[in-house]
Structure formats: C-alpha cells, structure tokens
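Each of the two complexes below includes chain A, the first together with chain B, the second together with chain C.
Let's turn to the complex of A and B:
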C-alpha cells in the first residue's frame, strides 16, 4: 500500500507539469502583453517604456518560449499568478478572498447530493421494480436533464416571487451582518439546491446500479446460503462493496461542481469564485481567468489524489497496476 | 393471466427467438422494447422535423418584430406569447431547435473523432504513445470542461461556430479513455488473436475486428454527449457567451428573461424555452438509456 501511495504521488508531478503547460499556452494565445499582466500596476505607472523594457529583460520575457514557461512556473510557485487587469490586484489574493463564499455553496451541495442520492439509490435498489423505484428513477432522469439554471428560475419564481419565502439575491439581506448566520443559510437554500440537483440524480443512478450489481453477486448468494440474516447480508456484504467506489466518484464530481458554480453564482449574484470568473470572462481579464482555471485544475488534481488514497485505505484490495 | 404476465411471457418469447436475429436486428428489437427510449425517439423526431422544416412550420419569422404585441402573454395570435421586442416566442422556440440540435450533433462529432483517434492509438499502439496520450487526457480531465469552454469562447468571441468549436475541442477526454479501455480489452480476446494468427495485419485487426465492437459503447457515449452539448450550449447562451442575438436559441431566450422585471412578471418567456431544453435533453437521455440496454453496455458514470 505504501508503494501504491508513493507511485500515486509521483503521478502528480507530470499532471502538474501538464496543467501548467496548458494554462501557459492559453495565456500566450490570449490577446494582450504578458508583461503588463505580470507587473504590479501601481509600480508600472511610475515606469517609463525603457524601464518596462528593462523589466522585460529582468523577468526574462525577451527569452524563448520554453525559458519563459520556466520563469512563469517559478512565479506561480511563489504564489504570483499575475495581476488582474480590471482590479489591479494579485489574482491569487482575489480568488482566495472569494473562495469561502463558493465553498459555502459547494460543500453543502455535495454533502446533500451524496446523502440524498445514495440514500434514494440504495432504497430503490432494495425495492427494485417497486413504485418507489420507478419514481426515483424517473426523478433522476429529470434531475440530469433539467438544466440547473432553469431549475433555479423555477425556484426563484415559485419560492422567491410568488410565495416570497426565500431570498433570490446575494448572500445576506442588505444591511444585515455579513457573518455565518441564519440569514446566510436562508439565502443559500435556492442556490445550493440548484447546484445539487444534477448531482443528486447522478449519485442516485450510480448507487442504484452498484447496489443491484452487488445484490446479484455470488458472495451475496453464498452469504444467504450460509443462513446469515438479511440485515447482516445487506450491511456487511452488499453496502460495503457497492458503495466503496463512491469515494472516487465523489472526487470526479468536482469539475462539474466548479462549472456549475459559474452559472448558479451568476444567477443568484452569489459573490464567489464562479461569479468572479464569469465577470473576468466578460471583462476579458485574462490573468484572472487563467488564475481561476489553474487553481481549479490543481484543486481537482488534489481532490482526486485524496480520494484515490482514501480509497486505498478503505479497500485493501487496491494495488497499483 | 394479467397484462403484465402476458408482457413477461411475450418478452421471454422474444428472448428465445433472439439467436435467430442478426446482431443489428437484435439491437433494434431490444431498443424498440424499451418504452422510454421509443418515447425519447419520438420526441426527438418531432424536434428534428421542427429544426429541419422551421421555415415551413413556424407561424412567424423568428426575428419579425410585432410592435402591437410587445411582451404579451400567450394568446391565439401568439401561442406562446411575445418577447420584450415583440418577437413570436413559439417561432423562436422552433428555430431554436435548429441551433440546439445542430450544436449538439456537430460538436459531438468533432470530439468523438478526436477521442476515437487518440483513444484508439493509445490502446492499440501502447507503450510511450499510450503513456503520452493518457497523461494528456488526465491533465485535460483536471480542468473543469465548462470553464475551459467559457474561456475559449470569451477569447474567440461568442458566436455559433466558436461555441461548436469550443465544445468540440474540450469534450474528448472521456471518449479517449472509453475507446482505449475497449481496445485494450478487445485486443486480448480470442477472436482477435485468431485473426492475427491467421495473418491479419495490426491495422487490419484493428479496423475489421476491434473497432466494429467499439461502436456500441461509442454510440451510447455520443448520444449522452449530445445531451451534454445541448446543455453546454444552453448554459453558454444563458450566460450571454454562446449564440448571440438575433439568432434564436433556447439558452439566450432564458438569458433575455434574466432581468427581475421579466423573470418575475412574464414567466412564459422563460418557461417555454426552459421546457424545450429539458425535454430535448430528457428525450436524448431516454434514447441513450435504451441504446445502452440494447447494446448491453454497462456504465457507472455519474452525470
């Protein structure tokens, strides 16, 4: 197992290399001068064009592309992802500032999606072909087919406009304290639900299929033949084997979650990384866009690493192939 | 005997007769016995007819402005109402089918080709090519696809062909993995080894014996991919970064309705395009599910 973890860790290096190469390539494809994006704008205002030319040489931007790539990586490793064109502030700082708001949406979404999705999927599988199974399967089809933004519109219209029970805008009521409180929870209900719905459906379908596979497996037949009680068969033999792979599936959901947050945060004017990224795209703020893309990719990479290693602990059969 | 019992017997009869049918006929028969898939196929057929014959079917020109009927609720004159500048919503929905379906099909065709070639090479050539291609695939899978598509469309400028290009360029990693996995599995099967022993070349074995068997899972993936591409286009257009005015698109109709004044007061302007998107994606997912059963492909992907 130690060997598996070591090899899995080693695999991270080429992936980080690839992620940086792709981000760097897109940065260089984007219009605009990279030097102005790399320099602190406050500082730049006092510089003459000769000074800028000097900085270009200092930063090595007159060097061939591979050398420039290495310089960019060195800067990125020191946390310098460049400066936002619009806000004139360091990209990394801006993203980290918005991250808590995004986590306030995505963490509850994923937790609800897993508990609700897996719960429904398991129940549906245990009562295969029952009315409940059909309804859950039908609901899952709708869940993956109705776009999150349409679901958000319906929620805003019915619960926000018609019944007026939920707020549809921002994180807090204007004028109220901006801290973790009931007001925040109240504002989060609709966006969390809109973000979670497709994932609930996904986990439900996965859990149902995995449970059915596991219920039909020979070790379950053996367990029953041995006379073990049905409860014990389900808990010890079926659930464990069916639901363990969920650990890795949960890691794979992150990219969809990040993509979804761009849409949902925009609809609900939720001041998170998604809204920041959307604004950056509209304003053609390329350093900010690429900073967000790079940080998302690294987050996905780390999430997959953590889930793979966690899986290796919960399932001792796993070996590196 | 109850109806369901008769149905079961009929199904068992059908299964008994299966071996007499060719693989293609058997797949078709299984697909047709999947009720949801048939419903999905019918919905898609209606939408495809709308898309192709939009000029004939639509009651109005989608961009024709009716100044006497601005932002009106559904009526006999305008069945689904009119938008803020007086365009007929039903006509825009019908023309919108053209955009959604063509974006879905063309974008998926592009990334299926990329994924097919890369995955096939990785699986069949193996060695360093496999390593290089699969690590590249792993890297691409770290990036949230929708975000990359947004950024690329932002750089190139929002329009129909850039949307298709961006979705096509970033959608392939899943397909490449699927094809590689299939090829690796099939390559070791007895009939392929037999063909090789009988003198079939590497390329011949790949093209004539391996690839035809990859078609099933690929068709399923492509079908579900079209649903995903339609959702992606709708999402882009909804954010104002997809198909731009005046081209009618379901996503941009929802974008038009984003202002609180329209969202809260004139719900018919976003309900009908929202239902159109959901119905199209639902129908395609039904078809995909039916195809999966028909080809007997197992998938555990979380959507």
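Let's turn to the complex of A and C:
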C-alpha cells in the first residue's frame, strides 16, 4: 500500500506540470491583460498608452508566454505563487485567507448532500416502484436538471425577499463578530442549501442504482437463502457493496472543498475561493488565477488518491500491493 | 491611526433600517484600495467621498445635471478663499477645525503634500483628475520627484495655514473644473512610507481621512463599516454608522427589496421599475453628464458624417426612454450641456428629433447600400436596450451586427484597433474642455494620449477649439464653443441622443440621501443623511 501511495504521489508531479502548462497558456491567451482590465470602459482616462506599456514591462507581461511560465514554475517550486497583480498581496496568503469561507460552505453542503442523497437513494431502492420511489426519482431528475444558481435565486427570493427569514447575502451581519457563530450559520443556510440540492439528486440516483445492482446480485440470494435477517442482508451485504461507486462520486466532490463554488459564492457575495477566482478572471489577475488553478489541480489529484485508498476499506477484495 | 479595526467591530450593530445605521450597497472597491490617489472605479469613490474631503468643491449642487452656474465655491478643507489674480492665483486658508481621523489637524503641508503626491510620476498614483494646469505640475507629471523634495511651484505655503495656488495661465471656472483633483493627504502618515507601499495595508482599507465618517472595520468582499466622525467640521453626522456592503447588482437589488440595505444604484429599466414599484422604495434618478450616442468610425465608414446625422434621426428616444429606461434619460444632442458656462446651446442649434423619414432621406442621398452590415462593438452581452437601438437603425435601413469584445480588450480593439464601424459610447462627461477635446481632436488616438477612437478629424474645428481653450474671457469663450457646436451638428463623431442618469433607489425611511456624484465637483453631504424612525 505504501509503495502504491508513493507511486501515485510521483505520478502527481507530471500531471500537475501538464495541468499548469495548459492552464497558464489558456489564461495568458485570453484577450486582454491585467493592465487593460483596470480600464473603466466608460472613461479610458486612468492610464495612458505609455502607462500601460510601462506597467506591462514592470510585470513582465512583455515576455513570451513560455518564459513567463518558466519563471512562474521556478518561483512556485520555491513556494512562491507570486503576487496578485490587482491587490499586490501574496497569492498563497490570499487563497489561504479565503479557504475557511469556502470550507464553511462546501463541507456542510457535501455532508448534507451525501447523507441525504445516499439515504434517499437507499430507501428508494429498497422500496422500488413504490410511491416514495417515484416521488424521489422525479425530485432527483428535477434536482439534476436544474442548475444550482436557480435554487440559489429561488431561495433568495422566497426565503430572503418574500419571507425575510434568511439573509440575502454576505457571511456575517455587518458589525457582528467575524467568527464561527450563529450569525454565520444563518447566512450560510441559503448558499449551503443551493450547493447541496443539486448534489443530493446526483447522489440519490447513484445510490439507488448501486443498491439495485447489489440487491440483484447472487450473493444476496445466497444470504437470504441462508436465513439471514432482511435488515442484515440490506445493510451488511447490499449497502456495503453498493458503497464502492458512491466512494468514487464522493471523492470527486472533495476538490470543491478547496476550489469553492464560483457561481454560488458570487451570487451570495460569499468571500471564498470561488468568488476570489471569479474576480481574478474578470481582472485578468494571472498569478491569482494560476494559484487557484494549482491548488484546485492538486486537490483533484489528491482526492483521486484518497478515493482509491478508500476503496480498500470499503471493498476488501481490492489490494494495491 | 485612530480607527481600530477590531474593537469597534465587536459591538453588534443594527443594519438596514434599524436605528442609526445607514447601509448602502455597492460593488467592492477595486484592488481593496480606498485612497483618493488610487481610484479606478465607483466602488472606491463611494467610500472615499465618505471619508475624505477635498480642498474645495466646484459649486453647490444646482438643478438638473449641473452644479449651480453661479455662486460661491463650496469650501471644504479650505475655510476661506481669495482670488489674488483673476482666474490664475488664489490663496486658501485651511480651516482650523478640520482634522484627520487620528486627531491631527489638516495643515497647509498636507494640502501641498496631497497635490505633490497626486502629480508625482514616481508615486504612481491614479488620480482621477490630476492638475496639469498647475504651475510646475506638468514637470512633476513628466519627471517625478524624490520623496525628499516635496514641493510644487504652483502650490506654496503662505503661513502655517494658508496655501497659495498658482496656475500657468488664467483659466475660467478653474475650481469648477479642477477641484475634483485637489485632495489633501495626511503627510504624517504617507510621508513615512516608501512610494511602493503607499497603497498597502493597513491604510489601503483603513484609511485615515478627514471626512464625515471614519473607517472602523473592513471585511474583504463583505463590507466597510464606518462610524460618524464626532470632530467633523460641520458637526457629527446624523447617522452613527455608515456601512457600505459589497455585492453584485442583482444581489443588491434583492437585498434592497428585503430591506437588508437602504440604498443602491440600480440600472434603469426592469430592475429599477420593479424596485420603485415597491411601496417602501423611492427612485432617485440623478442626471449624469455623459453624452451618449452611436459613434461612427471615420476610417472604416465612407461619408461617416452623413451616416452619423442619419443615425441621430433614427433613434426614437421617447419610446426607448419610456419602455426601457424608466423615463430617466435626458434627451440631448448638445455635447457641452454639462459644462458650467456652456449649459445652453447656441441660437440655431437643431433640437434632437426622431424622424425616420429624414434618416432614410439622408441615406438615400448617400446611396447607402442597405445590404451592407456595420459591425457594432459591444463589451457586455446584448441587452433589450442594445437590441432596441440596433433595431431602430435597422428600421431605417442601417443593417448592423454585434461585434462583442471582452471588456479587457477595449484598449486594443476599440481605441487602437480599427476593425469596427460603429459603437454605442459616450463622448466624455468631463467639465474640462481640454479633456473633452481628446475625444474629437485630429490624431488623438490612445497612443497620443487621446480617446478619439472614431479617428474623427476636423482641423478647422480643432483650431477653433484651441482658440476657445486659450480664451480667458468667459463670454468670448462661450461664443467660440457655440461656433464649434454648430459645426459639430453637421459633422460629428457621434450621433448624440441622450444623457443617462445614475438611478438610485432608496428605502423611503432614508432621508436626505445625497449619493456620490459620478465625476462631479460636488460634495455628497453624507452627514445630513438620516433614517426616519
């Protein structure tokens, strides 16, 4: 197992390199640059042509993309992800500063989505073709088909604007302590729900399908023939085997813990990594975009590794040594 | 620094309409910098106006889109002003009771330091309107000065609390035009910092200003909390707290409807109409100075002047205004209407007119090929408004198609590039005629320091314009710009049709709201705002 993990970690390096090359190239090929992004289209007077050229030189933007990439890699290897062009602060510091806000949304939303989605999926499978199964399936199709931002706007409108029971935006009420408290929970309800709903539907469909596959397996027939209680058959034999595909799906959700949600965080003005990334894209803040991309890429690769390791625990047949 | 970023934040404040807190919604300040010498957008200016004071302000607010065209300059940091030489030299006495938020009095040194810093090339400030007409100002802009040499030829100290401002030449209405650039800055703070750190923490988000509100707490991406300045020279503001919350336009609109914020600027049209239909919301359109219309690229379109005239007749301003702009537009085809001293067009100036038949007649005279498609540059996705405007052109036989570009490429694609035919844009809302000229003058493209994206050129008009700028007598100057206006009627880079309004919406319990005025030399009197219990 240890060797396997080491091999996988070694594989991460070329993958990260490839991801960063592609990301860096695409980011830098996007029209405009951080300097022209500062110009107000209503009035172009803030920077003269000479100012723009001078600032491009100062930031090294006049260099060819490969040269800039190599400089970026050299600095990244020394732990320096660069400085945000717009805010002139270290990228790593900015991302780490926003990470708790993203975690405050993504962690509960993933937990809720997994718990609720898997629970509903299992129940739907156990009561296949019942009214509950039909209702749950219909709800799941709705949840999968409708984008998260729709739920966000609907929640905002119904619970925030009309009923006024939940705040519309922000992480804390201005003036309240900016720490983990009930005010934070109150503000998190809508964005967490908006993030969770779409995932609930997905997990439910996967759980239902996996459970039905397991229920139809021959070892279940054997277990029942042995006279094992139905509860034991369902939870020990069926559910455990159904977990394997669910682990894959849950593992893929882990990177969102780091990367945040660009859309939901923007809608609710939630100051996480997602909102930071969205702003960085609009402002053509290359170092910040690369910092977030790198962290997200590493998160995806590590999540895959964690998922693979988790297979061993949920399925004893799998061994990597 | 007097403002404690954490202590005051511990107290739980009511927000929205509760008690003595005024909550405004706006975009986040760009780059997390709140400093008058580093501004690139409204997100910063809303906060700057609450925490900083200029030396003086152009005029008191008048009716409509302009400051009053007569009357005294609105004094702020300066308590008295004397004209020593007509339109060229003045002396300002600094009020003894204007203090920085850390308790230090604002001094003549601070006034000179602010001017020097704003003009100093080495400081890399981004002042909205530097002061190139100030004596010695251009030298600072061109060459810069080291931190040890805080001096400007045209801004000198005459005693501890008096500053003398001297221009290179007399300029009528100088303070109406240029007061927007004169920000005293706390020398005792910024004078200690290297130029590279002027806009860094902690002063970037916790500025020490001299305005009616003091910075208390800045939460990145969330809000700026400010408290009433008890030492404000006009008395403590009526609201104890002023909070500006950051969000995108749609989220803020929902927050206003939910009464989480007290005011915001909403785009005219459906959102504004919806918000103002609520029983507890009132609309407050404030005319903006920017003259809008379709500009035609003179290099890529034959007979651009005639086409521009046809476009002017093709736009049904009244219908657009009623159906898509909440009746907040001010129809106007006169580009100098926002400039003090030039508010009224000359005799014989044609009034704006919607007449599609006239448009068609001009196009017929042009032998306009109605199958020809003009590429119309836009940098935001098409809206019902842009669709309507282009449909109006199509209705008279001017076929168009959008050329959508990224906003970050305007510099290259619109101002320097030439691969387009028309664009919906403004022709400068600046008070200063030298700045307006940059949109029209021959050869003044972006690389020459101008904004003449249309590559318009009329040397006769340029000669007149130069004469107008050189003329120091206001009456004669008006006559020259009247001639320019009449000439522009027949050959103009833009078919100007209206001026927009900044459409504010307030909860009706907000009284005396006096919003930030985009690029206007008028002080928003935030100390007068209060919440009716």
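Note that in this section the second predicted complex is superposed on the first by the 246 of 321 C-alpha atoms of A that agree within 3 Å, B and C clash if a C-alpha of one lies under 4 Å from a C-alpha of the other, contacts with A are read in each partner's own complex, and residues count from 1 in each chain.
The definition used in the following text is that contacts are C-beta pairs under 8 Å (C-beta built on N, C-alpha and C of every residue); 3 or more make two chains touch, one makes a residue touch a chain.
On a predicted model such as this, the values are computed, not experimentally measured, just so you know.
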Exercise for the section: Answer with first, second, both or neither: which of chain B and chain C does A:196 touch in the superposed model? Expected result: neither
Practice task
Considering only the touch criterion stated at the top, classify A:124 as touching first (chain B), second (chain C), both, or neither.
Solution key: neither
Problem - Which of chain B and chain C A:105 touches, first, second, both or neither - result: neither
Problem - Partner chain(s) touched by A:284 [first = chain B, second = chain C, both, neither] - result: both
Exercise for the section: Could you look at A:264 and tell me whether it touches chain B, chain C, both or neither (first, second, both, neither)? Expected result: neither
Handout entry: Partner chain in contact with A:49 - chain B first, chain C second, else both or neither
Key = second
Exercise for the section: State whether A:157 touches chain B only (first), chain C only (second), both chains, or neither. Expected result: both
Practice task
Once the structures are superposed on A, label A:31 by its partner contacts, choosing first (chain B), second (chain C), both or neither.
Solution key: both
Exercise for the section: Name the contact category of A:275: first (chain B only), second (chain C only), both, or neither. Expected result: second
Practice task
Would you tell me the residues on chain A in contact with chain B in one complex that are also in contact with chain C in the other?
Solution key: 30-31, 156-157, 161, 266-267, 284
Completion exercise
The residues of chain A that touch chain C in their complex are 30-33, 36-49, 52, 86-88, 97, 156-157, 160-161, 164, 167-178, 266-269, 271, 275-276, 279, 284
Exercise for the section: Report the residues of chain A in contact with chain B in the complex, numbered from low to high. Expected result: 14-15, 18-19, 22, 26, 29-31, 141-142, 144-147, 149-150, 153-154, 156-157, 161, 198-199, 201-203, 205-206, 209-210, 245, 249, 252-256, 258-260, 262-263, 266-267, 277-278, 281-282, 284, 286, 289-290, 292-293, 296-298, 300-301, 304
Exercise for the section: Provide the residue numbers of chain B that touch chain A in the complex, in ascending order. Expected result: 36, 135-136, 138-148, 150-152, 154-155, 227, 231, 234-235, 238-241, 254, 257-258, 263-264, 267, 270, 274, 277-278, 281-282, 285-286, 289, 298, 300-303
Practice task
Would you pull the chain C residues touching chain A in the complex into a rising list?
Solution key: 9-15, 21, 23, 28, 30-32, 40-41, 126, 128, 199-200, 217, 219-223, 225, 241, 243, 245-248, 250-252, 254-255, 257-260, 290, 379, 405-413, 415-416, 426, 428-429, 435, 446-449, 451, 519
